[in-house]
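Before I ask anything, here is the structure I am working with.
Chain nomenclature is as follows: A, B, C and D, assigned in order of appearance, with residue numbering initiated at 1 for each chain independently.
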Amino acid sequence: MIDLRVEFAGLVLKNPIITASGTFGFGLEFAAFGDLKRLGGIVVKGLSLKPREGNPMPRVAETPCGMLNAIGIQNPGVEAFLRDKLPLLPWRETAIIANMYASSVPEFGELAQVLSVEEGVAALEVNVSCPNVSFGGAAFGQDPAQIRKVTEEVKKHAKGKPVIVKLSPNVTDIAACAQAAQDGGADAVSLINTLLGMAVDIRTRRPTLANVVGGLSGPAIKPVALRCVHQVCRKVLIPVIGIGGIVSAEDALEFILLGAAAVQVGTANFLRPDQSFRIIDDLPRAMIKARSDSLGELRGSLKLP
Amino acid sequence: MIDLRVEFAGLVLKNPIITASGTFGFGLEFAAFGDLKRLGGIVVKGLSLKPREGNPMPRVAETPCGMLNAIGIQNPGVEAFLRDKLPLLPWRETAIIANMYASSVPEFGELAQVLSVEEGVAALEVNVSCPNVSFGGAAFGQDPAQIRKVTEEVKKHAKGKPVIVKLSPNVTDIAACAQAAQDGGADAVSLINTLLGMAVDIRTRRPTLANVVGGLSGPAIKPVALRCVHQVCRKVLIPVIGIGGIVSAEDALEFILLGAAAVQVGTANFLRPDQSFRIIDDLPRAMIKARSDSLGELRGSLKLP
Amino acid sequence: MMLERNCREVKVREVRFLGTWDEPSDFVELTLENPGWEAYLPGQFAMLRAKHWGLELPWGRPFSISRVDAESVTFLIQVVGRGTSRLARLRQDEVVIIWGPLGNGFSAPAGTPTLLLAGGMGIAPFRGYIESHPSPEFLHLFFAHRAALDFYPYLVMAEKVRAEAVQEHSTDDLPEIIARIETAMDGYAGGLVLACGPTPFLRTVQAHALKKNIRAELSLEKTMACGVGACLGCVCKDGQGRNVQVCSRGPVFPAADVQI
Amino acid sequence: MMLERNCREVKVREVRFLGTWDEPSDFVELTLENPGWEAYLPGQFAMLRAKHWGLELPWGRPFSISRVDAESVTFLIQVVGRGTSRLARLRQDEVVIIWGPLGNGFSAPAGTPTLLLAGGMGIAPFRGYIESHPSPEFLHLFFAHRAALDFYPYLVMAEKVRAEAVQEHSTDDLPEIIARIETAMDGYAGGLVLACGPTPFLRTVQAHALKKNIRAELSLEKTMACGVGACLGCVCKDGQGRNVQVCSRGPVFPAADVQI
């Protein structure tokens, strides 16, 4: 039996496969399709202080090997999450990571305060990269100075819980953003969030999404995600969580070879709702392809010319 | 018969379908597959002052709904192009656009000088966005001040030939780059060039491309390209040429609805070498879908909420 | 109906396509191996994806479960785009990935006069509804359609329950069709009206139901990415203006509780 | 051979798959309708793409033309990845997009003792080579293979020309196989050696040809996006160290003129 455990940023995960925010609901939606306890971790849907209805419909569109979403962080608010969802999740066995969305620096701090007292929350993921909200979101994520500020503020209220800063690829220099997160005290960075994209319906002559633009995810963006993770791994010392277009165990290993400590699986959960579990099942086989029985040995072992 | 002619930036094209640089060779490679005179235009492979061998192999990789390339502007040099290729092209009937690559501002000027005396060259496309060369290329393309400088320099030597500046999507604010090109005197902008990406082979534990990173193109990036064209069309007054993931006449119309004056077809030429000709054949049918018989009426007619 | 038990048993299955097709058609009856479902509620749906689709289409596609027997499950599919055209080209024994039954179903109260309003492919769920209803003699099917009647399973259904069909040849026919729908609904003021069809059709039904205070249930159609309530891509507003997932909280909603 | 004429006639065609397969296999003989080709040079290849691939795989796939007759063209395909596995699942009459014949071919001088060195699927072009050669009695086929011999068309070919085959069971067999290749080549010092196979195999042939000054031609394999010389993704270095496209300037190169 290959040991799939990974440890980083104060987290101990059964395996490096974490489900990505917004693509796995609050986990409970997937309990029928696999044993949630088997997951390395679950990042829940983005949470805000107050409930949010999100953007108007339509807010998803399928694109070649990918999809656009402009959900706009619809969520029941952090209180409802802590009251109605978290207790039902197997948080003792699987890392439940809270994905945080706020529209100002102090609000991020407040949210961190509320979440960090919860035993069931393993870590905080700071979404400074959502392209689907008009205020906050990507605005922070595209400016290293802001990233640093938000990180410091969250860290201040995190009571020692690991703080993961989730980065946007819609920037000229993502490594500089990662550096800013590290400077702000982040325990890890996760990347990438979605690429800003758009779809058009020539019949109606309207954007397919009511929000006009949305975030592109799925296999289509994996090459961009790999490049970003590569750039960031070479720049920062804190652990990196790789995200973007992962649908298979091989894909996951590609990110780990670049140096990622773990990965998140997003859009692949829509390919079929048991896909994250299948990826975990398949990891040992994929590791054999890479001629290794140790994730530690694989991590960062990419040979560069 | 629907009139497909488009006029912009001093160019008169039979139709808005132009083949994109680096994906259609010097045009001659495709003469067996369609009548080159039927194309709206041909942008030839990137040209430099001196011949270039490009990057080491492997330098292409297929990705989901897309591909990576790191050709590195292999080309026989501008002199050989003018001597051996241009005379064989139907430049009286179809706009032959020279795509220019140089590694410094003065070199861009020199190249423009050489090209602009040629009757057979309809316009100059300035590639300030190639991700596959270590010096120049994207370095210019990510800095609006540099874009402006290069544009001014090329414009100065263009002897009135239209100057099209080709923009990179690997930036935080592509509209600012377009603005810089306009400020520098560009007659049009074309976008997008490829997204910086990467692929990894877990068996060899090496990047698939010898150059490590490469440019992502194809249907996968169409949503990003549409978003960029939308942002740029709302920002600048000069004409915009839409590029990125176009494989069908419908795709082309999507860009035209956003305001593009014409489009370029790249990776689709690899789907099958007659694809650009098929797109032209199919345009009238696609226009019926959008309930129009006029490209002028369609252009920029997107209804925003 | 064992819905509770059933729901916990929703799994992703890979099943074989049992049919064959002689020629391409825009309306196909897709029969798959029964994925081990013991029960379902008519009105529920499943997400389908041919195994060979690969990655170009990352989403499954939702289809109403039309009927289920011990060996098989049947869907009625109209080809409208990329996914449906691929499904309509399946060959025998090809593998389809399926998860379901998903969502809720229509109410099926015994002994209640019930009007089934079907628009186009909206007829699909009513096939199984009729077959499993405790008192089919109380059912009345009203079917509005555009394509020729033999593209739909109308005739086999009309053998089992009282049924009438009206064809929309052009939009000029709409006022009359709407009038007939409303008249039919008026006859079920004390009973139940179930509707499944395109959104404009559902709006007609909803407006009349609310106006005349007729108990009605509507099955909604939205683009779906996950089908299990996770992506929040399929929401509609409930009576209080709050977003609810059509896939997991619907697709069937009381007409009074949903904004369409 | 009418190559000149033929080259001008290269077009993209949509042709039907004429075969059927009983069961999945890793080695398939793919026979398509003849796309209207009147002639080709053995060693030339074509780009193939099943029409139903859609957009996930944007590139066609290059395969040596194995044989052509008035009705059909045949390729020998080993399943190694996404495109070949899709081709090996084609069903009868399914449409394949094809452009070719592409590239150059092997020399076929009459009356010249010629050694055909095939490694694995590198045997494909020699099938047609043997059939169309002006003096097959001068040919000798040497075939190095890994999979069982009956996965390849070796036996039908051995009926027509002198032939020997050697199987590589493990890498331990390599030194002996290399020795046999070199010995065979030595017998053709005054003639011609043609080689098609994996790159390490070609390197062996090239090294010995240069050492012993034997005239040899090598058919190269590179990942190809366009197949027509446009993308510059398939280049190798020529004798002067300049990049040349394998698809349009090859795939066959004189052993002395190419760096592999």
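The definition used in the following text is that a residue touches a chain if its C-beta (ideal position, glycine included) is under 8 Å from a C-beta of that chain, and two chains touch if they have at least 3 such contacts.
What you see is a predicted model, and the numbers here were worked out from it, not measured in a lab.
*Asks:* Treat touching chains as neighbours and tell me the shortest step distance from subunit A to subunit B.
*Replies:* Contact-graph shortest path, subunit A to subunit B, evaluates to 1.
*Asks:* Quick one: which chain's Cα centre is the longest way from subunit A's?
*Replies:* D
*Asks:* Please tell me the distance, in whole Å, between the geometric centres of subunit A and subunit D computed from their C-alpha atoms.
*Replies:* 47
*Asks:* Counting in whole Å, what is the centre-to-centre distance of subunit C and subunit D, each centre being its mean C-alpha position?
*Replies:* One centre to the other, that is 53 Å.
*Asks:* Please report how many Å separate the Cα centroid of subunit A from that of subunit C, as a whole number.
*Replies:* Spacing between the chain centres: roughly 35 Å.
*Asks:* Give me the residues of subunit A that touch two or more other chains.
*Replies:* 64-66, 218-219
*Asks:* What residues in subunit C touch two or more of the other chains?
*Replies:* Subunit C, residues with two or more chain partners: 55-56.
*Asks:* Among line, ring, star, complete and other, which one matches the pattern of chain touches?
*Replies:* Graph shape here is complete: every pair of chains touches.
*Asks:* Which residues of subunit C touch subunit B in their complex?
*Replies:* Subunit C residues touching subunit B: 55-56.
*Asks:* Show which residues of subunit B lie in contact with subunit A when the two form their complex.
*Replies:* Residues 63-66, 68, 142, 170-172, 195-200, 202-207, 210, 212-213, 216, 218-224, 226-227, 230, 245, 250, 253-254, 257-258, 286, 289-291, 301-305 of subunit B touch subunit A in their complex.
*Asks:* Spell out the part of subunit C that touches subunit A in their complex, as residue ranges.
*Replies:* Contacts found on subunit C: 7-12, 49, 55-60, 97, 99, 222-223, 225-236, 242-243, 248.
*Asks:* Subunit D touches which residues of subunit B in the complex?
*Replies:* It is residues 22-25, 29-30, 32-33, 45, 53-54, 57-62, 64-67, 69, 71, 74, 218-219, 247, 267-274 of subunit B that touch subunit D.
*Asks:* Which positions of subunit C touch subunit D when the two form their complex?
*Replies:* My answer: residues 52, 54-56, 82, 86, 89, 91.
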